[in-house]
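Read through the structures below before going on.
Same chain, two partners: chain A is paired with chain B first, then with chain C.
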Partner chain A sequence: MPGSRAYLWFIGPAIILMVLILLLPIGIAGALSFTDYSLGNTSANFVGTENYERIFTRTTYEKMFGATFRYVFVVVPLTVLLGLGAALLIHSLTRFGDLYKTIYFLPVMAALIAMAIVWEFAFHPTIGIINATLERGCGTWLETWDWYAAGCARTFPLWLTDRDYAIWTVAFIGVWQGFGFNMVLYLAGLTSIPRSLYDAADMDGAQSGWERFRLVTWPMLGPTTVFVVTISFIRSFQVFDTVEAFYPQGGGPSKSVYVMMFAIYEKAIQQNLMGIGAAITVVFLGFVMFLTILQRWLVERRTHYV
Partner chain B sequence: MSDVGARSSVLSDSLALRFSTREAMKHAVLILGAVVVLLPLYEMVSYSHKAPVEIMQQTGGFLGSQEPFRDDFCIKLGNAVEDCMVNPIVYNYTTAFEKAPLLRYLMNGVIVTVSIFLIQVVVALPCAYALAKLKFWGREAVFGLVLFCLLIPVHAIALPLYIMLAKLGLTNSYAALIIPWTISVFGIFLMRQFFMTVPDDLIDAARMDGMSEYSIVWNVMLPTAIPALMAFGIFSVVAHWNDYFWPRIVITGNRDLFTPPLGLREFKGDADGDNFGPMMATACIIVTPLIVAFLLAQRRFIEGITLSGMK
Partner chain C sequence: MSKIVLSGIGKSFGSTQVLRGIDLTVEAGEFVTLVGPSGCGKSTLLRILAGLEAADAGEVTIGDRDVTRMRPADRNLAMVFQSYALYPHLTVAENMMTPLKLRDLGLAGRLPFVGPIFARAEHLRLRKQVHRTAATLKIEALLDRKPGQLSGGQRQRAALGRAMVRNPVAFLMDEPLSNLDAALRVHMRAELSELHRRLQTTFVYVTHDQAEALTMSDQMAVMMNGEILQYGRPAHVYAAPASLEVAKFVGSPAINVLPGEINGTGDLSVMGKTLIPDTRLARQPVSVGVRPEHMTLDPDGPFKGVIRHRENLGSDIFLHAQVDGLDKPVILRSHPRLLAGTGLAEEVTFSALADEVHVFGADGLRQHVAKPSLVEVG
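Our next item is the complex of A and B:
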């Protein structure tokens, strides 16, 4: 075969880069997570599993897991459901569907850091548009809702600086940014469902929209759903931009928005505590890789009967 | 897939004029959603047109009254009041460029995103070709390595990468912004899947003509891969133009290397009330290129961004 050694030049650079940039760092993170290394020190002490013990016992890290899981378990279901809902509605429209699709996809394109700054202003307690709009509803029927009446009587929430609301507000922005992405994935899934399946379901007596959804659409969207859920998990686990923009120091009111990526950044980059940062990295990688493997397993299992 | 779309659009045209409450309800829900989605984008554009007073008091409608206001900073410099009356939109956008080297940031953004994409292609394309079309010992193992590396999000290993770059003395350089992204396992995977569909005859014919393997990659395979490469390019450029996390870590303090998101963040750091208009103008300038490109080539963009869905 001519140029039989050519393949070495083709795969060589890619393999070297994969090892140096993707695999070696995992090894380094693993090794450093058992030390108290700081950048600038010539050596580091072996500290055993102390870093991991800290992560799983100290309240700071308890807050970190709390914030991360609160965020993830709000953002993932909502982005998936809203993405599916929007896709179903748009798919069933006779006109203007593309217009909505374009609009809902805009947040995916816009730099999140820019949007975070705008949202911060919108959620400003006194001059932001959110509370200004809410105040306009005072004195109307909306006041029958206790929460609303309380807001009118005193003040509406401080949102991003309010300990009870901060994480949910940040999660809202995550949902706002992410559901359009899931929507286009679901739209692609919906267009690939053969019409004949609906006709068949029709003949079997599935008349209502719900029956058609339950018997045809939902099962056929199975692989899409597995993928959408996984990618939503991975994306929301990595939330950082909004948190850093709102709370450059410390992770929000009483650390209620202290998510994992921010914790890695704070410990390792701001405070130069590489050991603990590496340990969080390892735990983080564990989560993400577990989810991806779970997804692949689900997809492979499904392909047998779909 | 496309003929189903065509059929349903013909169908929709014939039904379009029939009014139904069901359809109206759907539009009502979708319009409500659209309002929430557009709210911050609307605010961003609106504020970039307004004077500070209008922003603070929520007046002036969408584009502001555009009445000249007094630039206090200009008065502090000792100029006469009448020389310091500025038009809000002019003030906001000129300040955006003058207060910080925004042009430089934009240029850095272009340099970094373009370099990343080009290097990714140079590394990934030959590897994908070898994996798809060449037979060699260990091919399955290399492909297995690619599949394994797909599991690793680069942001998650930012800390060890940062340490490695710091040890090499490379933080605060273009290299630091680019190096971690030079290998795109996703690009390799995608191109390999694409090359699998290219008929072997094409390659055999090229070999018969005496082409070397190198020129086959760049003169035969590359042209056939243009559509897939464009989708991948959009995916790559959008991700790196908007990326904030990685530049935040490796660029500390050296403003000459700031990418647009870092520049905007810096602006926010020292923004007071008066600077809100210019800050929003900066945000608009940073967000606009991708949004405009997206509006012009929506189909390609959605394809590119959702590429990862093809796995």
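Our next item is the complex of A and C:
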């Protein structure tokens, strides 16, 4: 029916909701990022790109990017590889698969704040289980490792409060917490690979497990991998709970764990500097947007088989 | 060229026995079809022959080699799968190249990107081989496409190409035509037969479609419940089924089974009408199988029935006639022209060609009828 406006009734509710809860807030954040607005003020001054200039010049924000990228580039590869490894191992099991699935998935389900408290105890320099265990190894062959010997001679690192270790420790917890999620995604991907492809690979002369993996498993997991990598990137950029739990003030020793999400929280909420907080948010949005577009492009270009 | 011998093959999945001591000899160059209803173990037998499944008992020999414990790759067999199982991320050419690469190239030659540089001569030779096979199957135009961009028939050809490219000892095919539409299936039947004639290689073909078995194979094995019920030339299996089960399975529409009896003097009677006198068989109840084409409309025929359904195929017409005392309608074949006037619910009389009936004892096995009389008895 030409001229009919019925379609508006079909797409209208979705569009209104999307504008209200997604696009409008993003627009407001974008607008605020050019001002010095504080919550409670009746007005704000337009400051141009000053907030953005600060983000890309001040050392605090240099540290923010440093911490964020360190975290992301440790956590993403490790969670993806461990997730794939765990999925392959569990998939090859005939028994107890569900048990292992549950065990690896537990950290994903657990509240990270609570888990952070447990880890804080574990990493505690005097009463923590980690350093206590390491001390047990003193006097053994492990001391041939210089780092270990140094630990025995003086003391093992203060994992959470030493600025050389803090971000890696937080990243380790991120890996521990995150790879179970990727494992589940990979397991779903693995079960959808048709059995006959492995039969075909056997007939074609694939002798080793590695050859089967190269010829069938890995290519067939292509779409899953693109998704897993993207979601891992986004989740790692979003890291906040552990940082907030360990370092409620200041983002860790010498701001070495000052990740983006925490920076937004600190600036916009704790210090009520909405303008700069909004600017970081926009930068953050830019990263996530870039990754998502990259994913779409990859999915359509490379891994679209059927 | 080597002969394939399966002896005493047994296989169970859990407590279900899928194969019960199968013996089968496939002569070199033969086209052998394993046919049977789904779940009869035919695919499992093929997978055991391929090496994809291990047998619980028995031996597989190809040529003079005992390959029972050998990996599939070392048996030099090629398989075409029902789903084709083409690697979706590789082009047709790469798919066909895969078995050659995995067999003929060393580790260095198989490396991505640099492989073709390390083993240049080898790569060129393999590529030539792929092109030659593609030319045979007329799929050269498809070589650069991915399986996702091909139609069912083209995928079928690509899968055949991947199987053919390395000149295997035998081709194993697991219901390769069942994913194609009816017209293409009939076309591919002829094409596979033609391919077999040209390659002169052994084909072992699994299907549940008895028409494929009848039309393509040199020998067919009818399998049911993990056993081979009959092995022989298709024409022979059709003309002289060894048991009632085989008779029912082979032929479409299915054979008519009528209750019969052999009396004290050896006369065979069906529904009270003597069909063959003096069969020299002992007195017993029997099942009498008559194929639809051996039933003829006959005004003086001994049997009466009411037409319930007509299937007009153009060249033939099948009449389903309800006969008193039988659960299933009797199916007769006739010619549409002869039946112009016959409509539904009409009563017809018909007779059975006495020298074409099959007599099965209570155990379901074929009974040899001595010198069947050629005279129809009313």
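Keep this in mind: the second predicted complex is superposed on the first by the 286 of 306 C-alpha atoms of A that agree within 3 Å, B and C clash if a C-alpha of one lies under 4 Å from a C-alpha of the other, contacts with A are read in each partner's own complex, and residues count from 1 in each chain.
Heads up, the rule we're going with is that contacts are C-beta pairs under 8 Å (C-beta built on N, C-alpha and C of every residue); 3 or more make two chains touch, one makes a residue touch a chain.
Here the structure is a predicted model, which is why all the values come from computation and not from measurement.
Engineer: Look at where chain B and chain C land on chain A after superposing the complexes, then choose clash or fit.
Structural biologist: These partners fit in the superposed model.
Engineer: After the superposition on chain A, what is the angle at the C-alpha centre of chain A formed with the C-alpha centres of chain B and chain C, rounded to the nearest 10 degrees?
Structural biologist: Angle at the centre of chain A: 80 degrees.
Engineer: Which of the two partners, first being chain B and second being chain C, lies in contact with A:Thr102: first, second, both, or neither?
Structural biologist: First partner only, chain B.
Engineer: Of the partners chain B and chain C, which touch A:Ala200 in the superposed model: first, second, both, neither?
Structural biologist: Second partner only, chain C.
Engineer: Between chain B and chain C, point out the one touching more chain A residues.
Structural biologist: Greater contact footprint in residues on chain A: B.
Engineer: Touch check for A:Thr49: first (chain B), second (chain C), both, or neither?
Structural biologist: neither
Engineer: Go through the superposed model and pick first if A:Met115 touches only chain B, second if only chain C, both, or neither.
Structural biologist: first
Engineer: In the overlaid three-chain picture, which partner chain does A:Gln270 touch, first (chain B) or second (chain C), both, or neither?
Structural biologist: Neither partner.
Engineer: Under the stated touch criterion, which partner chain does A:Thr140 make contact with: chain B (first), chain C (second), both, or neither?
Structural biologist: Touch status of A:Thr140: no partner.
Engineer: May I ask you to decide whether A:Gly222 touches chain B, chain C, both, or neither, giving the answer as first, second, both or neither?
Structural biologist: It touches chain C, and chain B stays clear.
Engineer: Taking the superposed arrangement, what is the smallest distance in Å from a C-alpha atom of chain B to one of chain C?
Structural biologist: 7
Engineer: Could you list which residues of chain A make contact with chain B in one structure and with chain C in the other?
Structural biologist: none
Engineer: Could you pull out which chain A residues touch chain B in their complex?
Structural biologist: Spelled out, the residues of chain A in touch with chain B are 2-3, 6-7, 9-11, 13-15, 17-18, 21-26, 28-29, 32, 39, 82, 86, 89-90, 92-96, 98, 100-115, 117-119, 121-122, 127, 129, 132, 176, 180-181, 184-185, 188, 191-192, 195, 224, 227, 231, 234, 238, 240-241, 244-245, 248, 261, 264-265, 268-269, 274, 277-278, 281, 284-285, 288-289, 292-293.
Engineer: Going by the contact rule set out above, which residues of chain C touch chain A in the complex?
Structural biologist: Residues of chain C touching chain A: 47, 50-52, 71-73, 77-79, 81-83, 85-90, 98-99, 102-103, 146-148, 162.
Engineer: In their complex, what parts of chain A are in touch with chain C?
Structural biologist: Result: residues 194, 196-197, 199-200, 202-207, 211, 215-216, 219-220, 222, 303-306 of chain A touch chain C.
Engineer: Going by the contact rule at the top, pick out the chain B residues touching chain A in the complex.
Structural biologist: Within the complex, chain B contacts chain A at residues 1, 4-5, 11-12, 15-16, 23, 26-27, 29-30, 33-34, 36-41, 43-44, 47, 55-58, 123-124, 126-127, 129-131, 134, 136, 142, 145-146, 149-164, 166, 179-180, 182-183, 185, 188, 207, 212-214, 217, 238, 241-242, 244-245, 248-249, 260-261, 264-265, 268-269, 276, 279-280, 283, 286-287, 290-291, 294-295, 298, 301-302, 305-306, 308-309, 311.
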